[in-house]
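Consider the two complexes below, in which chain A is the common component and chain B and chain C are the respective partners.
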Partner chain A sequence: MSNFWNARKVLPFLWMATGVVAFTVVWQLMSNSYGPLLVATPSETMVAVTRLLTSPATLAAFARTLGRVLLALGLQIVSGVASGVLAGLYPWVEDLLRPVIDALVAVPPVALTLLVILMFGSGDYQVAATALALGFPLLYTGTVRAVRSVDRSMLEMFRAFRLPRTTQLLVGYLPATLYALIPSILLATGLTLRLVVMAEVMVGGGSGIGQSLSEARVHMATAEIFAWLLVMAATVLMIEGTLLYLVKSHLLKWQARR
Partner chain B sequence: MRAFTGSRIKPYYLLGVVGMMLAWEFSAVSLPGIVPRLAAVGSSLLLLAQTGELWRQLGVSLQRSLTGLSFGAALGLLLGTAAGLWKPAYYFFKPLMGTLLSSPAVVVVMLAMVWFGVGSFMPVFVTALFTVPVMYVSVVEGMELVDAEVLEMAAVFRISRWALWWNIYLPALATAVLTGLAFAAGTAFRKTIMAELLGSNDGIGYAMAMTRFNLDVARLFAWVAICLCVGVVVQRLFVKPVASYLRKWRDVNSESGVVHE
Partner chain C sequence: MVIEFDNVSKFFGKRKILDSVSFRLEEGQILAILGPSGIGKTTLLRLAAGTVKPDSGQVRTDKQRFGFIFQEPRLLPWRTALANITLVLQNRGLSRDEQREIASTMLKRLGLQGFEQYYPAELSGGMRQRVSIARAFVIDPELALLDEPFTGLDIGLKISLRQMLLDLLTWHPCAMMYVTHEPQDAVLLADRAIVLEGKPGRIVASMDFERPRGERDQAYIQDQAAKLTSVLTATSLPVSS
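Presenting the complex of A and B:
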């Protein structure tokens, strides 16, 4: 019991709860002064959240968006790791790809999305392609850094035992790289969800969360917009939390084995 | 990235640029009517510069992002300092900052469109709102770097509160503000463009949205090139120098320092 009431552990949560309560109160006050049409009340928003999470139509939109996110994320990982390993091993490949990465990092995502829509139309693959292009630099740079940080002594051992290059790559580089990549994948997941929703909003007339949002804006249904905002923030936090948990438990096992 | 700041331009970097141009020209030739030729984009760019449209819209967008950036940075600095000095404040703001950092900007743009309508205030608001957490995180992290041992030593030697601020907190804060501004500068411009594109009646974002209706891909590419120039200038003038300066002190990864759409 004394362990549970450890002030060091409980106080942060208490303060966070105070924060949540305080912002809810401020939110309610704003809603009172500006009217529920412009600022939906917290309770209206909670009703909208439960509606979103129970109605089949919005769940389908949610699933559609998540499907696109997973497609884009998978493509990001495959292309990012493949090119990142090459660039990590051969510096000239890194120099060669540098302009592409520079351009992708500097371009405003909305602009790229608009370009894709204007040139290739709108659809599942176009949305995923946009998210792929914009999330790719993150995984690429993560992989390059991971490859560079592969244990030197292990590589020397590989060389001493004259293991073939493919074995070196599969047994040495790939596991270590994938492992070091986990933080980048975490960052990329949240980014990709936001990118996909943005692309969906811009495509217009499609499906997914973005479409529901556009409809909500047209109807000035602020409760619905707030609800999507909360649901999406919670989703991102949940994905990151789960992955973080997996990483931690895996890390402990991995370290124990060594 | 090192190509410009380094002593010499790497040959493979240039090869990459040339390769990109060639790939573009090749796809323009093989997909006529979809991808515009480089020359068409160039003449669009020239036309934008000659008619003065380029400078007008660029001025509008830059002014909006700078206004949003300053307001957001000021608020982020204020909240970040409070959270850095007093741990309960850090936990108090944690849910709000977490929500802001993980929420899609496009949703906030839609809310702001409902609230403020289509005009100059909406992009400024969105830009400021997304600058706040960037600055906040930077300031909190910067204050965390203030060594506990140094503080203890200061207490032992009974250093005055004023001297403590002047010699310990202020340098740490200055570095943190610099980092936050550098990281936020890039995001601020993107946020402004996004807000303008979705709901404004001038600025670069608006000009881009117009190309959609006119189906003028060459002009859209021209605007994208202008955005790239702004992005590269911001990156080279602010982000890279600050990151390389900070790398002496701690591990900073300028690419993933701020990950936002």
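Presenting the complex of A and C:
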């Protein structure tokens, strides 16, 4: 029995390790086939990753991008949740906002980014605004859904006990909406990092991961581009993993202990 | 008088649910409400609690503290058993410590000592319903409204919860409206029973249990339950044994 449990715990890791090895082999074969100028080898990439992680300029670029991500994410949460709560409660607000949301969802991210450059030029706020516009629909629709999914019988309980509206809102509506919204916020975090880097590449605006990627592309530093991709993937996974851990261990304690 | 229904009718959309319902509940009196599913029994409780308003007629009460026990416990899953109870003690001029102490005492009284910090998902169905009973009685209600609170529980649990409810009523005497499908439950707990029937639902029978609750022996309970069953059968209602 214990062997069975051990196997259940170990097997997924074995499969993942096999996946990593297979991916690296395919990567190496592609590099052999296309040449290191187009596809950097795994070993070159790892050297570049080490170089990036020990360079102060890289850390500065990293910090700049993360700052923009936080700004964009904060704005997305505030605007998405506020408008989503209103739209969830009042259908006419949803109808009012529908054309804007539909347009934001339908327009390709690249086109919207170009529009921002055309209208406002480049810079920190333009990058954040682009990420905000692109990420906003995710949190908005998540909030609308969360508000609509609040258990009506729970609200009846509040009314039956004649609890004040503020209590209903703070103890009932808000946690219920927040808990239903957590998956959207987690999703938005990873998405925002990707969008900010894309906007940095296109809009420009001083330093940042996107800017570093652009420079690496101009200098045909393929290994560095690959290294940045690896670092970004690791960053997104780490941020999502940390947030998920924090959410599960603190916010969702009542579910985890079930 | 605790509450009075005066010729109350209620529509949901175009469908009339209740038609000209009138009754009066006195201090300390327990009223059992029987009738088939969908007849408007729960609506009567909602009207009493004020969560829905009558379309015609009047519901009169000067009481402020209503304890509601729903069919399902309706606890907030993100709050512990204790926090679910202190929730209804807010805005009653009590300090947090006082709220916690009162809630803990109530949980202890219902046999849930040691489970204060448990979340609803960690409790069994019977324990959750006990928390919900504690929540209703912790405010020392002037009127308790019970909507088939023991439905879906096994017979042993049902008997023990019913006994807990009787004990609570001796500690916190209050008027009560109790919706049930079971005549025996009605005789065990109530002073009076009304039967709803028809579409829309109206009161078709009323029965007083004259012997005081504490003096009802098994023979009396069976006799009165049989009478109530015959009333229900006469109105062609499905009756649980």
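Rule of thumb we're sticking to: the second predicted complex is superposed on the first by the 236 of 258 C-alpha atoms of A that agree within 3 Å, B and C clash if a C-alpha of one lies under 4 Å from a C-alpha of the other, contacts with A are read in each partner's own complex, and residues count from 1 in each chain.
Everything that follows uses one rule, which is that a residue touches a chain if its C-beta (ideal position, glycine included) is under 8 Å from a C-beta of that chain, and two chains touch if they have at least 3 such contacts.
Given the structure is predicted, the values throughout are model-derived calculations rather than measurements.
J.: Give one of first, second, both or neither to describe whether A:Ile225 is in contact with chain B, with chain C, with both, or with none.
T.: First partner only.
J.: So in the superposed three-chain picture, is A:Glu215 touching just chain B, just chain C, both, or none of them (first/second/both/neither)?
T.: So A:Glu215 meets neither chain B nor chain C here.
J.: Any idea whether chain B or chain C touches more of chain A?
T.: B
J.: Please indicate which partner A:Pro175 is in contact with in the superposed arrangement: first for chain B, second for chain C, both, or neither.
T.: A:Pro175: touches chain C, not chain B.
J.: Quick check on the superposed pair: does A:Ala160 touch chain B, chain C, both, or neither? Answer first, second, both or neither.
T.: Touch partner of A:Ala160: chain C, not chain B.
J.: Classify the contacts of A:Ile117 with the two partner chains as first (chain B alone), second (chain C alone), both, or neither.
T.: first
J.: Once bound in the complex, which stretches of chain B touch chain A?
T.: Its residues touching chain A are 1, 3, 10-13, 15-17, 19-20, 34-35, 87-88, 90-96, 98-99, 102-108, 110-111, 113-115, 186, 189-190, 193-194, 197-198, 205, 208-209, 211-212, 215, 217, 220-221, 223-224, 227-228, 231-232, 235, 253, 255-256, 259-261.
J.: Any idea which chain C residues touch chain A in the complex?
T.: On the chain C side, the touching residues are 46, 49-51, 64, 66-68, 70, 72, 74, 76-79, 87-88, 90-91, 119-122, 135, 139, 145.
J.: Using the touch definition up top, name the residues of chain A that touch chain C in the complex.
T.: 153-154, 156-157, 159-164, 167, 171-172, 175, 179, 253-255, 257-258
J.: Over in the complex, which chain A residues touch chain B? Could you list them?
T.: Residue positions touching the partner: 11-13, 15-16, 18-20, 22-23, 38-39, 92, 95-100, 102-103, 105-112, 114-115, 117-120, 134, 137-138, 141-142, 145, 184, 187-188, 190-191, 193-195, 197-198, 201-202, 210, 213-214, 216-217, 220, 222, 225-226, 228-230, 232-233, 236-237, 240.
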